[in-house]
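Here come two complexes built around chain A, the first alongside chain B, the second alongside chain C.
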Partner chain A sequence: MSMKRLFQNIKGLWSLLVGLKVTGGELIKPWLTVHYPRQEVENLSSYRGHIELVPATDDPLTPRCIMCWKCVEICPSRCISLRMHATGEAGVAAADDPGLLLAPEVKSPYSAHLAPPPDKIERILDSYRLNYSLCSLCGLCVQICPVDAIRFSRNAYLVGTTRQSFELDLLARLKSQAASARGAAPTQPQGA
Partner chain B sequence: MSQDVNSRLTGDFYTAPFGPRLEPDGDTLVLNMGPQHPATHGVLRVVVELDGEYIRRAEPVLGYIHRMHEKMGEVKTWVQYLPNMGRVDYLHALAWNWAYVGAVEKLMGIEVPPRAEYIRVITCELNRINSHLLWWGAYLLDLGAFTPILYAFADREHIMDILQMVTGSRLTYCYYRFGGVSGDVNDEFIRRTREFVADFKKRLPMYRALVTDNIILRGRCEDIGVLTPEMARRYGATGPVLRGSGVAYDVRRAEPYSIYDRLDFDIPTGRKGDVMDRYEVRMAELDQCLRIVEQALDALPTGAHIHPDLPERFIPPKGEVYYAVEGARGKIGVYLLSDGGPKPYRVKLRSPGFSNLSLFAELAQGTLLADAVSILGSLDLVIPEIDR
Partner chain C sequence: MTAQLLELLSHPLGQMITALAAIMVFMAVNGMALQYAERKVAGFIQRRPGPYEVGPHGLLQPFADAGKLISKQLVAPLGADRLLFWIAPLVSVAPVVVCFLPIPFSPLLTGMNINLGLLLILAFSGLNTLALCLAGWGSNNKYSLLGAARAVAQSVAYEIPLLLSVLAVAFQVGSLDLAAIAASQTQGLLSWNVLVQPLAFIIFFISGIAETNRAPFDLPEAESELTAGFHTEYSGMCFGIFFLAEYSYMVVVCAVATALFLGGWDGPVFPGPWWFLAKTFALIFAMMWFRWTFPRVRFDQLLNICWKWLIPLGLANLVATAAIVKWVQ
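Our next item is the complex of A and B:
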């Protein structure tokens, strides 16, 4: 009986030593973590950051968006709002209030603009806003867009201290990106 | 004195959830076990009545993270309910994705392309490994072992990187769509998954040497919280909790869905039904997950990742449907009732954690307080899934 107990104790002690050997081996292994302010992760090619507008192929300042409102309608948390006007017409008032679109299948007076205007009238996007604090990054808007005018940004390091800092103006973002790209483009040949 | 204790406790908020009072036989202590605060998530409050170190009664208190997921289903369109599924159980989000998507596909008769089925199996099994690893780390943390969670997180990191490549997210996935998945996998994904499977196979013996064979862990797990198959059935327990008691019930085998009937894998079961058996079942499942992933990768067909001819608006016909999948914690069931409208008439979610938690009160009765922690951890509870 006591021999069995002694044997069990030795076996138990041995299991602790094996564990110590494992943790000891880890001590000499290289770092796996990315130390953020000094290093950044690189695997963001398919990362779902907040959405952003895709510029038209011929003009980086104009979004590809055709203002069909499909993204606004499919969004589960109603975090996209956009405002447009057609040339020669007054802007559509209050069209960007997502709170009033409680059910997309119900046509409220505010969604009367859903009937597409004649082709000749040119539609211009006035604002495209995203309330990122509501977004759940499901990707339904990206998937439903008929012209691929929305994509996920790779903005993995977005932080803010106020709720307002997550109310993003995507049209302004597109324009500032185009401007910085244009500002960078002439300097590049000089450097090269 | 005992009379005094009894009168002090009656009608108290802490004792209100208890059933009919037991006969007082001396001093008992009512203890609030576990943190609870609205800002913390994934925590459980258990009110226990102690007699010395022994538990006379234990009562889990639920509802603190109730988010009305079922009610939300009634106010959103069919497709808009998809992101909710990643948030019911954040650890095995893809299984919930699958349960809901599968239910709608069954109701509408949508066919899923074979490639999408294989992608679903690969990603869902990777997610299951992810979930079991977090359970492993957190459970050992409950028992006072700090190091294992760091090892578990090192491996989890690889899985999350792999899943991020296809899903775009790292935790609350919203990847499956009606009729397929939202994005195709590429060669890089396949290469990294194969790499991970090979690496992880080498890590499993290390896990065993570090933790499973450790005498301290065995002392805290063996012959504790013995759950008989009869009791497990009575409470409707599923998943590793049921299999630990020796019942080889796995939805992937019992009611095969998708392509699981074409894959070769075992269903690990325990013998005694104690905490150690439940632990061993989960560790053995890690091995089986790797087997499934390998087979699915080998057989991954070419083709579309989503059904090419889908309606823009999903409006299922009138009717009801129930679809069950095997999650990391057990049987996940989604019941849908459609009135032919743009939104579900009723959504009912069957979460395995709820049934698995409900047996805790009986299982913990008469055990040491320290053993109750071990028993609670061995049930692998995800509180957001229990409350929904």
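Our next item is the complex of A and C:
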């Protein structure tokens, strides 16, 4: 063994002491972990929980969603399902043709045999359900939404004992959140 | 009646039986305390609290763990050599009880005063290798067998520097009696062998860590490569017994190091046994500190450290000690 390697080994011994100094220093520093039931993490801004609906700017009780179905179609896990209905006279007429109801501006120019599209169809979201037990949190629905009507929630403490407890009604959640934000009693518990 | 009882207890056999019973109680309490301490040290080094939920600051966690281990079913794997499989934990834990006998907690508090105490400890602690070997062979599991093979190679290699460092101290004092060696260091801090024989102390401690299969030399039970090594197939209290034996061997190694190098019961103000225990557990704390600091060595590195460094250094130290002892005479 050459002298150089000998000195290298002795230098290696010194590194052992350096390591001990590092861990010994950490030993006497305070904890970094958060004791969940007694403490909660303060900053959840970067947390990506299940998706939630964004309320419209003028009315916190209605979602911003325009029911374009893009999130439902792009979801690789097929975990989003939504129901809606149309109101008004035009809406009743359009209700016969589900395709028209969904996307009148796409369907009508190429469907000469159909009646001309109604001027305006009022679409109302009946339910927006997320089966969170299937969701892989890929975020494609959030990306594709043309009006930014979906975002990740910060619901970090979602707990349930049954599969059904992860089938979330996001519309009800939006309404209950809006109601509790106003100070009224929530109509439905969060995450239900 | 009391006189008869005292006479019975003062008989060497009665004394030994009392000592063995006391040692077993000490081992059980020690196992629980040390596993709690280990998890706390690990937690604090990783800046987390460690066990915290059972009892105040998790103090009752060892009892919960002991209850779990005792109540779990013991399963022997298919194709296992049942006799060897069941006997291995007992072979592991039985010698360690004997190893405690000659340890001098104080001049009076010694299980058995024999003038070959050091030899007895070295002989009986060697039996642990056999237990690991039986466990690995009897389990009919590739991980267990590999762990056992590693344990044997490692223990055989590291017993040599361990003996060499112990011999240097024995040469110097001229005795294999732990109490006599400890008594030779009671003239203040400067008479402690850790200052007279620093190299022997370092070699002894490193070899001791390797002999007890502690990190960074925990190759026989390397979790990341061998699941759990030789005790992969052991469940419940059989694993618990291996665990107890490991922690008891740690205490034995650290107690011997205390008696050989750190002045034994020597210390001011407090009674001797407290000093002895404090030094022993300080060394155990150092072992835990090492475990959570150093990464596991590779097997060739492990043997290189032993054959290329510790054994030559130990031999040189022994020769130098012998020469100085002869010259002084």
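In this section, the second predicted complex is superposed on the first by the 124 of 192 C-alpha atoms of A that agree within 3 Å, B and C clash if a C-alpha of one lies under 4 Å from a C-alpha of the other, contacts with A are read in each partner's own complex, and residues count from 1 in each chain.
Simple rule for what comes next: contacts are C-beta pairs under 8 Å (C-beta built on N, C-alpha and C of every residue); 3 or more make two chains touch, one makes a residue touch a chain.
Everything numeric here is computed off the predicted structure, so don't read it as measured data.
In the superposition on chain A, contact of A:S127 is made with neither chain B nor chain C. With both structures placed on the common chain, the touch criterion links A:W31 to chain C but leaves chain B unconnected.
Residue contacts after overlaying the shared chain place A:S165 against neither chain B nor chain C.
Of the two partner chains, chain B is the only one touched by A:G139; chain C is not. Judged by the number of chain A residues each one touches, B leads among chain B and chain C.
By the touch criterion stated above, A:N43 is placed in contact with chain B alone, chain C being left untouched.
Contact with chain B, but none with chain C, is seen for A:K11 once the two complexes are overlaid on the shared chain. Taken together, the two complexes place residues 16, 19, 22-23, 26, 32 of chain A in contact with chain B and also with chain C.
Note for the complex: chain A touches chain C at residues 1, 9, 16, 19-20, 22-24, 26-33, 35.
Touching chain A in their complex are the following residues of chain C: 41, 44-49, 52, 289-290, 292-294, 308-309. Per the touch definition, chain A reaches chain B in the complex via residues 11-13, 15-16, 18-19, 21-23, 26, 32, 43, 45-48, 74-76, 104-105, 136-140, 143-144, 152. Contact residues on chain B toward chain A in their complex (touch as defined above): 76-77, 79-84, 86-87, 147, 151, 154, 157, 161, 164-169, 172, 174, 177, 182-183, 206, 209-211, 213-216, 312, 342.
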